[in-house]
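Structure first, then comments.
For clarity, chains are labelled A, B, C, D and E in written order, and residue numbers in each chain start from 1.
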Amino acid sequence: MRFLKTLGYVLALPLILVAIWWASTLGETNFFVPTPALLAEAFAETWFGERIVSDVLPSIGRLVVGVVSAIIIGIVAGLLIGSIKWLRDLTEPVLEFFRAIPPPVLVPVLMLLMGITDGMKVAVIISGCVWPVLLNTIEGVRAIDGVLSDSAHTYGIHGWARVKYLVLPSAGPQIMAGIRQCLSIGLILMVISEMFASSSGLGFTIVQFQRSFAIPEMWSGIVVLGLIGVALSFIFQWTERRVLRWYHGLREVENAV
Amino acid sequence: MTQEAVTANTAAPIPRGRKQPAKKLPSKQLLGIAGIIGFLLLWELVPRVGIVEPRFLPPASEVIAALITDFGLTAFWVAVGETMLAWAIGLVMAIVLAVVLGFIIGSSMFLRKFTNSTVEFLRPIPSVALIPLAVLLFGVKIESTLMLVVYASFWQVFIQVLYGVADVDNVAMQTAKSYGLGAMARVRHVVFPTALPYLMTGIRLAASVALILAITAELVIGSPGLGREIALAQSGGAISGMYALVLATGLIGVVINLVMRFIERKTLSWHSSIRSEVIV
Amino acid sequence: SGSPSGGGSEAPADAGSGGLTKISVGVIPIVDTAPIWLGDEKGFFAEEGLELDLQTATGGAAIVPGVVSGSFDFAFSNLISVMVANDKGLDLQFVANGASTTGEEGTGFGAVVVPEDSDIQSAADLEGKTVSVNNLSNIGDTTIKHVVEQDGGNPDNIDFVEVAFPDAPAALQNGQVDAAWILDPFLTQARSEGARVISWNFTEMHPELDIAGYFTTSEKVQSEPELVEKFTRAMNKSLEYAQENPQEVRDIVGTYTEIDAETLAELTLPEYRPEFSREAAQTLGEAAAKYGTLSEAPNLDELLP
Amino acid sequence: MQSETTPGTTPAPAGKTLPGNEAMLSVRNLKKVYKTDGGDIEAVRNLTFDLKAGELACLVGPSGSGKTTLLKCISGLMAPTEGEVLLNGTRVSGPPKKMAVVFQEYGRSLFPWMRVRENVELPLKNQGVPRAERDKLVDDALEAVGLSHVPQSYPWQLSGGMQQRVAIARAVAYQPEVLLMDEPFAAVDAQTRADLEDLIRTVWRKLGVTVLFVTHDIDESVYLGERVIILSSSPTVIQEDLAIDLPDERDQLNTRSLPRFTELRHHVYEQIQLAKQGHRPAAAVQTDSGAGSATA
Amino acid sequence: MQSETTPGTTPAPAGKTLPGNEAMLSVRNLKKVYKTDGGDIEAVRNLTFDLKAGELACLVGPSGSGKTTLLKCISGLMAPTEGEVLLNGTRVSGPPKKMAVVFQEYGRSLFPWMRVRENVELPLKNQGVPRAERDKLVDDALEAVGLSHVPQSYPWQLSGGMQQRVAIARAVAYQPEVLLMDEPFAAVDAQTRADLEDLIRTVWRKLGVTVLFVTHDIDESVYLGERVIILSSSPTVIQEDLAIDLPDERDQLNTRSLPRFTELRHHVYEQIQLAKQGHRPAAAVQTDSGAGSATA
């Protein structure tokens, strides 16, 4: 019963949207906007085969490595920068500088430094999706409740213990908000990283379809991206529920009725 | 984490409080400039020492020189203007849209669950993949760039707003309810201020994503702006010219952040993240 | 050098252009499109009653949708891209030639290069090697595969990767690729820095190979034949003029690209001529079909004017 | 005033009830169970009592007995698990108009992004009270709680007691018909507390507002209330509903030295001690006679 | 015990001071000014007093007089604007080891992501107290504050009074040498309060801990302390430093009914009332003689 309800929530809106799309493509045919049926056909043809092994899985592998590294780097750097004021002042302009640089122009530099390797693609992914985690961690660390911080302080909770028992849990909700953004930006950057100096991968395939005007196939690739996004986000939300159990309890206990 | 790190976070860290009058800590700006200089030095060294060839990555000094030349050209400022226009319009549209939708969807459990899967599906779709659609709809005009900018930066703000709305303190909310504040008044007086720190982070993220997308779109589509100039310089083999433009992009990012920080300090002076730095 | 130019989308509109029909043309700001810029400047289009609005796009991704959606009346693209679009069900048609290979051995504006000390000596040696092209499944890899096969190598064994032309010399030098297919101005630069040409792939495929042209939708050709004819006439005139005045070509390229004067003086210009070579297009189309870029060889009667 | 028959499953001693039309606030068989991961927590088992319009009742009970829970149910911020709350005969299902609540967690009930004055002003502004009147109400309220010197401070720049007084000022300025207060004087000093007690009685008499006042201070409950409702320890029922038969005019010195005052506070103290020890009232015991025995 | 000469600019009556080696905690000419946008707020003007090792002193004063501020300075959480705090002769510049603080804002001082037991256990765990001992200390502390039935609840699932008791349990389990408590019983009922008062006295005598206890309850301050320090209203100086000459063995019924108890509480009450009315002690008035006159 509960499962059905959840399923209903997951599927209701997508189904409605597909129905609208189906209805609106009923009459005319636009070369660049395929009908749902055409898309479904292209989807099955394109992705149920060796492409999964040759393109999709390696891409997902790079994505996972990139995202996980970005999360770790973001949290560690965020904790440091968030708690040390002079470090924050020192690094902020440089970080802002890098944050404003579009990944497509970063690719040639990274290629120079790292070569045309998976490492370079992972670096592109990290370079883009570390920001939400980093910024949110910094803000989360800065926003720790004064009374709570004082309590920890007087009980001699310093250093790592402070991070573990106070800073991380307290900044947790905001870090999680950052990670959630990081996931989808990671996916976007996975595509961008494969747009340059590449010959395989999910992103490459999509761009290739786009260039060769295989429009239904291109859209089906975008659907694959979306589905990966949904999958990642459900894994994430499941984890978040557990990590931030106290938080959701705290917030929802009274809204529940 | 060092002892320094621990004390730096409390409302009034003693060691700092005591040292301050004696030897004034370098001010925020000085430190920031030191950081930039450090980075430029590193950049200068990498090609000079020969880690990469200066032909492919010119040293900082050369790029800065090229940038200074650019500063004298109206064409450069026209391009900057085009990009900033797309950035500003796109960002404002994205923020307005995201704030309105975020508050509506965020305050209802049902809407949250109902839209969750769709949101998660749409969010990771790269804007670059939407380029054919954008060109189809708008051609190689500013509107195409706008569409991509709005699409990409919308999600940044939207997600932050969702989290911010969920962070409302129950006691504060109940206080508002018990004093008969209606739904709109509660949003205005309770939900909005609570979500504001999240929103500000979201806007800061979105501001740079919007800049990135504005440039990328110009780069890939070829609509007018800094991005197209970068593409031109790149395809013309003008390497230092290209890096000068990239540098300009980064500088714009820094300026945008400064402005955002300023706004943040004005709007969030009550928030503990800002508070702790004002007292003492 | 290194300063961005003001070269923009707005073509200098002649004063008093009251009676002119405004058309927008999507072009890529490279050497190949010099004739249209030049023709615009010389007033060949105004003579036909056309007012050009040249819109620069950076690649095919934006150009074809632009034509299909009607944002562009005409646009510039290489032959393979349009063949591929038609192969996928679009109905596009060339109305004027754009740029063709020089046809002379030992020179050209596009080539496969290797580092000076590489042991790759001829096209056949590319077998089993990594070769960079700007876009996969396009004119670069199709011609290279053809040339390699002609030379006795196995084209299926070549590992193509995408590297943008500006980045290719660095990739080649750092050993990230064994060979790189590059066009001017980067070819001139790379050669001056010691890269060695092993194949002039365009010319070697066919000495009269047309690389790119101006196209529009078949629908437009049918519905507005006069407009198309005017455009074709003006375009052909521009091509001829460009072919006869290489110095003017070099000069105008300097206005809409960032290529510095020194390189500009050295680079090899393509051949500009009005007529398409059917035979060469045939070869190209068949090769593309053979190597899987197209599902079948294109119908040249529909494709070419 | 005898209690009516209580229809609940557990026959529990009810507080005083009134015929339907006389009661302003009616709590009927109220039960609240919190659902948590670790199992259900029955905070309130069965509460029934009425408040007349314009009555001032104090609520005392051991820590954790469900006073805050009860107040939240009355103010419509929380739905009861069973039973209902009626205000002027209509069931409460959301915060009613013209009801003000002073929360126990005063620190979190003030908006940190608003200055003291803005905090007090907000409910009035929201109601559309005209500027001039609003200014007067706010000024008077701040004056009454002794905070007229800090209108421009932020709540977090105030001491605990000052914060609590801001929350009180906000409730008073709002001029509610029903005023619920959850340990509103917990953080203020003795002298201020006495002043505030008198303030509440003044406001109550002047505006005729119905007040339900939670306190831990037994003297305070007797001094302030016309009635003291004593809760048992959790799961909570009403231990006793005691009428305070002190003269209507009260003052800190004289009233507190009346022998009857001492008697009453002794009685309440005993009852709370009983409640703490887990003693629960038998269903048959009538509340009035309980009070009678104490005064005998 | 006469006060030494105070070197500050404003000659203010000092609390009791001791020769350097006898004092455990010394507050010397402490001044604290908060800098805000709206101008400076002088919370504490000039405080000087000493605490002997193992002394139990209560601190009373009007709301907003700077008690919390003083406690924060003593615990090293805040730097004084002028003056200093010495603990065992060394200047306090950060939270010292073996000092526990119970904050006035109890609700915000508990970690919402930890269960009750974990909250109490954390400081011990952090100190590396072995498992078995830790378990015992935590169990005992929870038992003592009457919360042994909810170790697995989260703080936000508890009532206000229960939260406050968790904070007390945490401080007690920590076995500090110095214990600072800021109105720790504000949210608990009368009976529990009495129990907790006795708990604090027991802990104090058993462990010999030095306690500084802020309260608003005058009875409580007299009942608990060996000494009551009365602060003036803001800008704050010491109004009076009163020795409580009640027998060392105290119990709720007998001690509170002693005539001396009543005298003392009356005296404190009067002083606070004076403080509230803005009356400030003349520099010459000696604190001891002040107390003497009250008892005469």
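Keep this in mind: a contact is a pair of C-beta atoms (placed from the backbone, for glycine too) under 8 Å apart; a residue touches a chain by one contact, two chains touch by 3 or more.
These numbers were taken from a predicted model, which means no experiment stands behind them.
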Query raised in the report: Greatest Cα-centroid separation from chain D: which chain?
Result: C
Requested in this report: Using the touch rule from the top, point out the two chains with the most contacting C-beta pairs.
Outcome: A-B
Query raised in the report: Roughly how many whole angstrom separate the Cα centroids of chain B and chain E?
Result: 47
Query raised in the report: In whole angstrom, what separates the CA-based centres of chain B and chain C?
Result: 38
Requested in this report: For chain C and chain D, let me know how many angstrom lie between their CA-based centres, rounded off.
Outcome: 84
Report task. With chain centres taken as the means of their Cα atoms, state the distance from chain A to chain C in Å. Result -> 38
Query - chain A residues counted as touching two or more neighbouring chains - result: 32, 108, 112, 145, 150, 153, 210, 215, 249-250, 253-254
Report task. Could you list the positions in chain E whose residues touch two or more of the other chains? Result -> 34, 36, 77, 94, 105, 108, 157
Requested in this report: Could you list which residues of chain C touch at least two other chains?
Outcome: 61, 65, 68, 164, 166, 170
Report summary line: In the complex, chain E touches chain A at residues 72, 75, 77, 94-95, 97, 99-101, 103, 105, 108-114, 122-123, 126-127, 154, 156-157, 170, 174
Query raised in the report: Any idea which chain D residues touch chain E in the complex?
Result: 34, 36, 38, 41, 60-69, 104-105, 107-108, 152-153, 157-162, 165, 182-183, 186-193, 216-218, 269, 272-273, 276
Query raised in the report: Which part of chain A faces chain B closely enough to touch in the complex?
Result: 9-14, 17, 32-33, 79-80, 82-86, 89-94, 96-105, 108-109, 112-113, 131-132, 135-136, 139, 141-146, 149-150, 153, 158-160, 162-163, 173-174, 176-177, 180-181, 183-184, 187-188, 191-192, 195, 203, 206-207, 210, 215, 218, 221-222, 225-230, 232-234, 250-251, 253-255
Query - Residue ranges of chain A in contact with chain E within the complex - result: 145, 147-148, 150-151, 153-157, 161, 165-166, 169-170, 172, 246-247, 249-250, 253
Report summary line: chain B residues touching chain D in their complex are 169, 171-172, 174-175, 177-182, 185, 189-190, 193, 196, 270-271, 275
